[in-house]
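This report refers to the structure that appears directly beneath it.
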Amino acid sequence: MKFILNSGRTIRQGKYIENKLSQGYAEETSQCHIHPLDLLELGVEEEENILVTNAIGEVVLVAVADEGLPKGMVFVPYGIHCNSVISACTHGTGMPDYKIHEVEIVPTSEKRKTPVELLEQLGGVRYAGN
Amino acid sequence: MQEIKDMVCPFCGCLCDDVTLEIENGEIVATDNCCAIGNAKFLGKNRLKNPIKKVDGKWVDITYDEAIDTAVDILLDADRPLLFGWSGTHGEAQCVGVHMNEILGGVIDSTTSVCHGPSILAIQEVGHPGCTLGQVKNRADLIIYWGCNPIEAHPRHMSRYTTYADGYFLDNAFRNRKVIVVDVRETETSNVADEFIRIKPGGDYAVLSSLRAILRGKGDMIPDSVAGVTKTQLIQVAEMCKTCKFGALFFGVGLTMAKGKYKNVRNAIEFVDDLNRHTKFTLTPMRGHWNVYGANEVMSWMTGYPYAVDFCRGVAFYNPGETTAVDILARKECDACMIVGSDPAAHFPHSCVEQLRDIPMIVIDPFQTMTTTLADLQIPVAVTGIDAEGTAYRMDGVPLKVKKAIDSDYPSDTEILTRIYDIMLEVKGL
Amino acid sequence: MMRVILEVKEQLKPNLPIEAECITPKNFLDPEREFHVWKGNKELDLTDIFHVRKDGNAKSAEQVEITIRGDSSHIKRVGEYMDGGKIIIEHDIGMHCGNFMSGGLIEIRGNADSWLGREMHGGKIICHGNAMDYAGSGYRGEKKGMRGGLIEIMGNAGDFAGETLAGGEIIIHGNAGDMPGVDIKDGRLTIMGDCSRPCGNMAGGECRVFGTAYDMLPTFRNEGPTTIDDVTVTRFSGDYTSRGLGTIYVVNCKYMD
Amino acid sequence: MKTLLIKNAYVIDPIQNINGETMDIAVRDGKIVDDVKNPDEVIDAQGMLTLPGGIDSHTHFSGTKVNFGRYMSPEDMRAGRTSRKGDMHATAGYSVPTTYGNSYRYAKMGYTTLLEGAMAPMEARHTHEEFRYTPLQDCLANTLFDGNWFALQAIQDGDIKRLAGVLAWYLSASKGFGVKLTNPGGTEAWGFGKDVSCINEPIPRFGITPREIIVKMIEANEMLNLPHSVHLHCNNLGKPGNYMCTLDTYDAIPDLNDKRQSLYSTHVQFHSYGGSSWKDFCSKAEDIARSVNDKPHIVIDTGQVMFGKTTTMTADGPMEFNLYRLYHNKWSNHDVEMETGSGVIPVQYKKKNLVNAIMWSIGLELGLLVDDPWRCILATDNPNGAPFVKYPEVMALLMSKEYRDKEFATLHKSTGKRVILPSLERELTWNEIAIMTRSAQARALGLVDYGKGYLGEGAEADIAIYPIDVATTDPTRDYERIINGFSSTEYTIKRGEVVCRRGTCTPEGNHATYWVKPHVSPKYDMSTDSTFIDDFNRYYSIRMANYPIGEEYIGRNVCMETEASI
């Protein structure tokens, strides 16, 4: 199904902002809020994983029901997960379209990755010392 | 145990300065008056202990001296370094950063470009009718939150300055004040509003234009529905705005990141300008990082431009969309990078993150961040507001001294940057 | 007649932008002139970037024709302040091509990056491919953008084409992106294809959309049908956020209701 | 112990009554001394006009609204950019240059001391941060009190001593220098979008009039024994017919100080307007000058307008809104809770605009009609009337009737019917120009006791050496030489160090911040006054504990301590 993806700050994401290696941050930023009726239509239960894709990339997130959203819109907290599908195009303004991206969502049995795993996939190296 | 009062919280642009900290054995053990986010920051433990350098794809621990030399080498070798971040540090360090950028011939940009950069572009076109937050607290009987969600992003904004804050002319704020929330979705904030306007994504500009036309007496031409908002509601809101005694419009990245970007903000500013012909109305961007406004202030007085300043040719050049971090990274237009007090790997689109991976990158940050994994060097520093001090500017431009609560062995951002800068001056014979 | 051929050499760090505002016909009239270009923070000689070939003589800029060959997509500010003569760009060109241009012709056979003809005063730019954002626009904080001359784009234009347009003409043969002609004050903007949200906050001037204007702003008043060159169009006045002194002609439009 | 000898200088030093003598000036350790043996450095100033360093007693160069002017004006920035050169940092901007731009350009003109005309105390920290990056001038800042709730409350309560106590606390807390009133009462009314009409209309909430505010502030100011008088931006700035309000204000001013003026009235050009609308707008400089001539306890600065682009900025929020409605240019406003307001708007003054041409004439008329140059200071209210780099042109206009006539001929044709400028024959002398650009400022600001504004023994060695040979220059004819000569010194010396040589500046100038600290009795010490503390923490949005500026913000500084009579 096609959706408009909107990303933004949540208080939990904010709490973990100086502690991004934590499980809490990984949990929070890999959530995808969806209207319950859309979930129904997707055939996905809450806490099941979904695959979000567009021309930019793809990412596995976990579905969270949210009645505050209009149908057809999903909300993902700021973070490396949602950035997987955000284009770097700024329309000459310096600012990417963090609030409005068209995405395709399907159910998936794939596992979510942690932020560090996503970065390792991009070539990052975790510092394990200290 | 020691209690320190009136401390300043270094998290968001509210810069709450009434925080109480409890100190035990040189550590902060509890906070009072803080929101959940501020509390987490004050009690955070995950500091990087020493500088680290990536050698052959593996991290090794190094000394501060070695780290500083490496940083100097990386930056002086570059043909177009990008110095990015700055919102998470104090003004004194930002000043050193500007001086450094000037002799390096690099581009200096702050996280502004991915938060309220578009607001600044709009202000540069039409100005900014604003005020300090106490003016709102004491006087405003109408508050609009447009494209922002303070309960999640600025948790004490409503209790300190608006909805729940009693002021001189409003002894019962909650009853005497009306709150309008405009958003594309329901949020915690919209749930406490007197009036919620739900706009279709990308519809802000059309709604603001319609409100302006209604103010000008051209309501007849407005169709029954504009971007999901009924004409009835538009007329009602315009009337509420016109007839209040003091209105304050706060807006967030819901406006700056949506389609049309700064033109949305410009329309909001001109709406407020128009309202000032009827009553008193002000507008304030909900700045995110605790000192992102400070980065704009420092760069303005030192370079003439608030962010995204390109010094490659010696004179300052400013053109967001071209000299902004996301554009430079996505177009691969820099060949080295220094990140101070920010975590772009967590917040930038992946194509930008790939460029960060491909060029030499220095990170100056107290914590291991997402960006750390892609860096070549990280230098840990003290946290301003905890074990370092310095100046910060609140979202309304009020400067505060962010004090330190405890001592530590970590150098401050200013100390580290000054050491790097001094060696550069020496190398360049300046 | 003088012909100058500038062929881009292969570059180390090929993505770093090069600023070459020295490339204007007039500058080649002076045989003694040194040509400096900037690549990042390094000042280089023109010959570090290009193979330069110069044939013939010229007495005025009008008699100079410059051809740029090779990958010039990262070369910015070509033709800035150009006041006569001709520049032909065989492939793509970087940002700010023809800034402040007041005369002559720039022909781009490929695509143009953003800010094509920013604050142009006169002369002509033809772009055979697409132009990115802000074609024929203004500068940050400045009230007026392009004031004269002609920009013709045979392909599509990005967002904010003709932003703060205050004179002259822009013709886009393909589609334009979002908000063409936003804050337009004077001049004429023609879009042969589609676009979205044309001319927000229009204070004057004229815009013609021969395709569909999506998300048409509700603050323009429908003044009924008319024809342009035998094409039936609807005339709108606006923007009524201000005094409504501008005119938009559109063939089709859709609102966001 | 660095020593410097300036030989053969042609000195004009009005404070010492030296009007054109060739002499040597000896400097040791930043101060002027009788003589130095084997000086470390010798400057031959043969044939060069040598004056005390210039002092700008009303300029906007640092702080929140100035920086907002920069922030909102990339188009102004690109009008004046330089790159890093030697020790000089990069600069940008024309009407609102960067801090280094201000400092270098002022230094080039021989200015060594600057008074920021308006600092909101709540945002004082910002002003002081910018002072740090204005390295070649001593900096001072006037603290704004026009809408201060505690001050207005004390006036309403008729408690002038408490008013003085409030002023004392805020001045020390903000590290300010003087008491500034901008449209007194008007900025408080602007809190709800209103303004006051003149000095006799009660203001909202407090019910007191601007007249009471002005008079009581002057009384309180004198109780504190401050070096400077109250510094007033009158009500009704920029409105046709406002000269009546200005005259009423002047009539209300008491004469309370025998050492200096009791009132410094700033940018008076903007307050000398006749007519009832822009249609019959005209000059009333004669009436204003007559009033000033009659009142030795009033000093004015002219607030000259010069043609071209600039940026207006003032704490007078409502005035800027009126200007916005007039010009429809971008408008910024910034109310400061419980204290004051501010606004910023770019403007362009045009010769062919009748109103602008009249404004230009009024400033010059004031300079020529006020008899006593000690009470008529040359300033443009930088950058409101024009950027300060225009000062040399203003000097030349005042010194040359021929130049004035030449310029006047290029103005809007009807200007002559609305002004009397062409009939004024006076041409100011070298000595008078020296007075109006430094000596009068030093005296009006009370800085002579601190070694400013003269070149006698014990004075600070702030010296401007201009490449102007007075013997061979006829200022009434050679106005181009006047402009060029005053635009760029041969040497600008700050505390004994050459900080600028033909426009090339050094990075540091041993500059200092001057601030006042009035000592009051415990009864009037607001830092321990429970009502003050409670109301402060209730109505401000920051805690009182976080308000005062620490000394770490002011670096090298001169604390001017005074004993208050309360």
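We call the chains A, B, C and D, going by the order they appear; numbering starts again at 1 in every chain.
In the analysis below, a residue touches a chain if its C-beta (ideal position, glycine included) is under 8 Å from a C-beta of that chain, and two chains touch if they have at least 3 such contacts.
In this text, all values refer to a predicted model and were calculated from it rather than measured experimentally.
**Q** So if I look at the partners of chain B and the partners of chain D, which chains show up in both lists?
**A** Both-contact set = C.
**Q** I want to compare two interfaces, A-C and B-C. Which one has more contacting C-beta pairs?
**A** Between A-C and B-C, the larger count of C-beta pairs in contact belongs to B-C.
**Q** Rounded to a whole Å, what is the gap between the Cα centroids of chain A and chain C?
**A** Result: the chain centres lie 38 Å from each other.
**Q** Mind checking the centre-to-centre distance between chain A and chain D? Centres are C-alpha means, answer in whole Å.
**A** For chain A versus chain D, the centre distance works out to 56 Å.
**Q** Counting only Cα atoms for the centres, state how far chain B is from chain C in Å.
**A** Roughly 33 Å, centre to centre.
**Q** Per the centroid of Cα atoms for each chain, what is the distance between chain C and chain D, given in Å?
**A** 46
**Q** Please set out, as single numbers or ranges, the residues of chain B touching at least two other chains.
**A** Chain B, residues with two or more chain partners: 121, 124-125, 200, 202, 259, 311, 313, 318, 320-322.
**Q** Give me the residues of chain A that touch two or more other chains.
**A** 91-92
**Q** Which positions in chain C are in touch with at least two other chains?
**A** In chain C, the residues touching two or more other chains are 114-115, 133-134, 139-141, 143, 178.
**Q** Identify every two-chain combination in which the chains touch.
**A** Going through each pair of chains, those in contact are A-B, A-C, B-C, B-D, C-D.
**Q** Can you tell me which positions in chain D touch chain C when the two form their complex?
**A** Checking each residue of chain D against chain C gives 72-76, 78, 329.
**Q** Taking the complex as given, what residues does chain B use to touch chain C?
**A** Chain B reaches chain C through residues 78-80, 104-106, 121, 124-125, 200, 202-203, 205-206, 209-210, 212-213, 216, 218, 221-228, 259-260, 263, 266-267, 270, 311-313, 318-322, 331-335.
**Q** Quick one: in the complex, what on chain B touches chain A?
**A** 11-12, 35-37, 40-41, 44, 46, 48-50, 52, 54, 57-59, 61, 113-114, 117-118, 121, 149, 151-153, 155, 184-187, 190, 198, 200-202, 253-254, 256-259, 261-262, 288, 308, 320-322, 324-327, 329-330, 343, 345-354, 357, 366-370, 372-374, 378
**Q** Chain B touches which residues of chain C in the complex?
**A** 13, 15-17, 19, 38-43, 74, 95, 114-115, 133-134, 139-141, 143, 178-179, 182-183, 197, 200-201, 215, 217-219, 221, 239-241, 244, 255-257
**Q** Which residues of chain D touch chain B in the complex?
**A** Those in contact with chain B are residues 62, 64, 67-68, 70-75, 77-78, 81-84, 87, 89-93, 97-101, 122-123, 125-126, 129-130, 133, 190-193, 321, 324-325, 329-338, 344-345, 539-543, 545-546, 550.
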